[in-house]
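Here chain A shows up in two complexes: once beside chain B, once beside chain C.
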Partner chain A sequence: MEKPQLSCKLGILSRPDGSAMFCEGETTVIAGIYGPVEVKMQKVINDKASVECSYRPKSGLPGIEDRLYESLIRNICETSLMASLYPRSAILITLQEMHDSGQLISCAINAACLACLQSGIDMKFMFGAVTCFLTKEEVISLMPPISKSDVKALFVFVFDNAAGRIIASHTEGSFSEEQYKEALNLGREESKNVFIFFKKTLVGINSC
Partner chain B sequence: MMSSVRKAIVSNCEKKFLIKNLAEWTRLDGRAFDEFREIQIEFGKDWGCCYVSLGKTKVLAQVSCEIQQPKSSRPSEGILNINIELNPIAAPHFEAGRQSDLSVQLNRLLEKCLKDSKAVDLESLCIKMNEKVWALRLDINVLNHEGNILDCASIAALAALAHFRRPDVTSDGEEFIIHSYKQRDPIPLVIQHYPVCITYSIFNGGEFILADPMLLEENVADAFFIDWIECIQGTLWFTPWRVDVILNTTNKAASRAETVVQLIKEAIEQDNERRLEKVELGFHKAVEAKPVENSIGDLSICIDQWSVKHKKSKKKKNKLTEGEEKIIKEISETVQVTEIEALGVGSAALVPQDSEDGNRWQASDSENDDDDVMVVDIPKPVIETVDILDTGSEEEIVVILNADKKTKKEEKENKTMIDTILT
Partner chain C sequence: MNLMCILYSVVPTYQPAQKSQNKVRLSQVKVFDNNFKRRNMAEEYKSLHPIKYYRDCLAHDIRPDGRAFDKFRPVLLNIGSIDTTDGSAIAKVGKTTIVCGIKAELCKPKADTPNQGFVVPNLELPPLCSPKFRPGPPSDQAQVLTQLIADIIENSKCVDPKDLCIYPDKLAWCLFIDFVCLNYDGSLIDACIIALVGALHTLTLPSVDYDPSLDNKLVNLEDRKPIPIHSTLISTTFVIFDDKIILADPTVDEENYCTGIVTIVLKGDELCCVHKPGGSPITEDDLFDCIDKSKLRSPLIQNLIKTALKQK
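Take a look at the complex of A and B:
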């Protein structure tokens, strides 16, 4: 099955502790992480770090949808990062959309994971996301259809690499239960490739 | 109060170190005093999407457009909104979605640079008087703050505006039809002239003047001198300064602006060519093409090699003076700035003497000039050829007219070519 080409560049920004530009097909997102850093008074948590996430679309002000992505990515990062190692501090994760051709959410999640890995912050496991599309012709594919109006439903699955469990699932549109299961299996298979890609990029960094 | 959380404070010894180095004619990153950092301009797949890096300072700009009702005071003009966002990715003390003093200041300076100087021809964005005009929105996201955001943002903004194309609109008298990019070729904006900001930082009350300050230099500097060239206008903050120094710096900035504008135009031309060739474009291509950058900052490398550099400083000085001479020669050929108008306490405007349309720039506090003293020296129907235009001075405009005719012909040919391909 045809799948989007993954590419990535680590450490593209000098200010954040970790940064990555991640591309899934044409979709591109820049992620940066600061952490652990000083925390604001109202956000102090006594026994762990407070994970903050901000997502920025490339044009216009962030809307409700963007806030939804923010909270999704914040939740994923919170489960994956060892926040309890850094009490009374903050971890800031920022995402910037560069280009969207459909897989924006999964691309942002993968970028966030690579940024975390590059910063060297402690993590329990890696997380990788896959987007599946259900087209109007009831075909499930990993490639986005050429025109956006052909998308009937969109599934985003996030897996961990340790146990292969599903961490998060985000869906848009209408679909049947079988279709969801089919997409889930497809996503699970593809997530293995995503993790292989992660490992390759990280090894590439260490060797040079 | 809250914004000071996580903000890096510059220590006294850092300050002293920097100033002491300046006294020995060295900068921390090894640049000459009037040397700028390298500019890189990349375009995304979307129209008007531009990613610019000035050294390590990085900025993403995106232009978008929609149809709105015009302002009642300007019924025949389109609207241009500029919005700069200090993304928390750029520095940990930046807050998402909240305006800070810095962002307001940068926004205003960019507005002055692009909007008040009328760089974009807003009248060509009018669809129907009093009812429908195009409203452009320019979003600038700062991605990495390593000093001199303004220069980087102004380059990105200008490149994005020059790159952007809006959909074509036709009217059958009653209804307006917006054609999608696929139906009809999109139309580029009319850029009347190309203003860019050039920043210099000033130390010890004018003793040292550094081009393109990096973060530490920016924090230590006691003043900034910002030029936006084309309508030559400077602001000068907080410090008494000698007139000849201002003139000299402005002249230097003028020649720098020329090279920057040239760079932007070349980048756009290159992008257009690639689009015509139907090469696959976008950031994902750029990521694949380039090898992984070294993530260690230049600064730390520079400091590691400090002793080595120090020995070489004699040679460097020679180079520096040569470079300066060159620049000064270039300037004397290009722009002559002579008059200075005081606008108020701590600010001044430089008026170019040689240009006959001298009042191209109006001081921002006298905005009651509704009669448009602005000399529009470009003929109206040049919509399709903006990116080739060069509106430096009157002499050059003559060249444009010729170029315009030529390119129009060429474009006709192109169109027929495209038509044949389509059929």
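Take a look at the complex of A and C:
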């Protein structure tokens, strides 16, 4: 099955503690992470670090639709990071959309994971995201259809690398339970490739 | 005119064992005293070690409010509650109360979608509904939930924006769907979606005579027609407690102490949203178990909505 080409560059920014540019097909996102840093008084949590995420679209100001992505990525990072090791501090994750050809959410999540890995912050497990598309002809694929109007439904799955369990699921459009199951299995298989890619990136095989 | 319909009740009642008459006085006083002490201790325990309190409760296969893990709270729906709106409903799921009102306004369609109207949902979480919220601009949670509701409406296509167009490129309806939470006790999306479906079914729009050459519009407020509703949505929320226990229809405390949340929205037999925004990872079996449970609940809520509509 055809699948989007993954590519990545770690540490492209000098100021953040960890940064990564991640491409999934043509979709590209830059992620930067600061942490643990000083936390705002209102957001202090006594027994763990507060994780914050801000997402910036390609043009214009972040709108209300970006809040949903922010909260999704924040929740995923909060689960995966060992936040209890850094009490009374903050971990800030910033994402900048560069180009979107359909897999924006999964690309942003993968970029966030690589930035976390590069920053050296403690994590419980890695997380990898995969986008599956259901076309109008009821075919499930990993490649985005050429025209956006051909997409009947879109699934984003986030898995952990430890047990392959589902951390997050985000769907758009309507679909049957069987289609969901099929997309989930396809996503799980593909997530293994994503984790292999992450590991290769970290040991420097994929560096461009 | 508006009758309330209660679907089903799962509130257990505690019935003390019958005592023989001659012993009543002393023993009743004692029982009362003991219960009082026990309740006080439970409350102290709950406020001092909330998570441990929940863990201990759940270890005995029961939730603090007396429900089993997969039981839902009673649902209440009242439709057409507000006269000044074009469509309205009040939904209660347990103690969670949502008022939904739809106001239709005339507007000009966007240039790239000339034959479509707009649907603009907005969820308000005032400080009245929970101490978590402060007065001022909408909280993050309100914004996220508003967007989730907007996504659900768009994904399910329960209202087709094309039905809202009056004259292409000139005039269309914009539906402002406002939700106000009066009491926040968990499963907010479930209550919002029930209220939304109820309100959409009572929605009527006045007919509009539009003359494009003069850009003259005449609204006949007397002649009102309902809009086509293409599907009935049913939402069900689950929480994951301590990475393994799955609780259906959580209360606000369960939502606060849980480690993950899953919202499933059904549209007839189809799924239109499986939303798990992070939180503790779950296995595929657990996820499909949740989908099955929400499929079992869906006909009950559909019946409730049908009954409410009939009684109107």
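Odds and ends about this structure:
FYI, the second predicted complex is superposed on the first by the 204 of 208 C-alpha atoms of A that agree within 3 Å, B and C clash if a C-alpha of one lies under 4 Å from a C-alpha of the other, contacts with A are read in each partner's own complex, and residues count from 1 in each chain.
Going forward, a residue touches a chain if its C-beta (ideal position, glycine included) is under 8 Å from a C-beta of that chain, and two chains touch if they have at least 3 such contacts.
The structure displayed is predicted, hence computed values, not measured ones.
Aligning the two structures on chain A places chain B and chain C side by side, free of any clash. The superposition places the C-alpha centres of chain B and chain C at an angle of 110 degrees about the C-alpha centre of chain A, rounded in steps of 10.
Of the two partner chains, neither chain B nor chain C is touched by A:I45. Once the two complexes are overlaid on the shared chain, A:E78 sits against chain C while remaining clear of chain B. Once the two complexes are overlaid on the shared chain, A:M143 sits clear of chain B and of chain C alike.
Considering which of chain B and chain C touches more of chain A, the answer is B.
Of the two partner chains placed by superposition, A:M123 touches none, neither chain B nor chain C.
With chain A used as the common frame, chain B approaches chain C to a shortest CA-CA distance of 9 Å.
The contact surfaces that chain B and chain C form on chain A in the two complexes do not overlap at any residue. Of all residues in chain A, only 5, 7-16, 19, 21, 23, 25-28, 30-32, 34, 37-38, 40, 54, 56, 58-62, 92, 94-96, 98-99, 101, 118, 204-205, 208 touch chain B in the complex they form. The part of chain C that touches chain A in the complex is made up of residues 140, 143-144, 146-148, 150-151, 155-157, 259-260, 262, 267, 269-284, 287-288, 291. By the touch criterion stated above, chain B contacts chain A in their complex at residues 2, 5-6, 44-46, 49, 51, 56, 58, 60, 62-64, 85, 87-92, 96-97, 137, 139, 141, 143-146, 282-284, 287-288, 290, 292-293, 295, 297. Chain contact summary for the complex, chain A toward chain C: residues 64-65, 67-68, 71-79, 153, 158-160, 163, 165-177, 180-181, 184.
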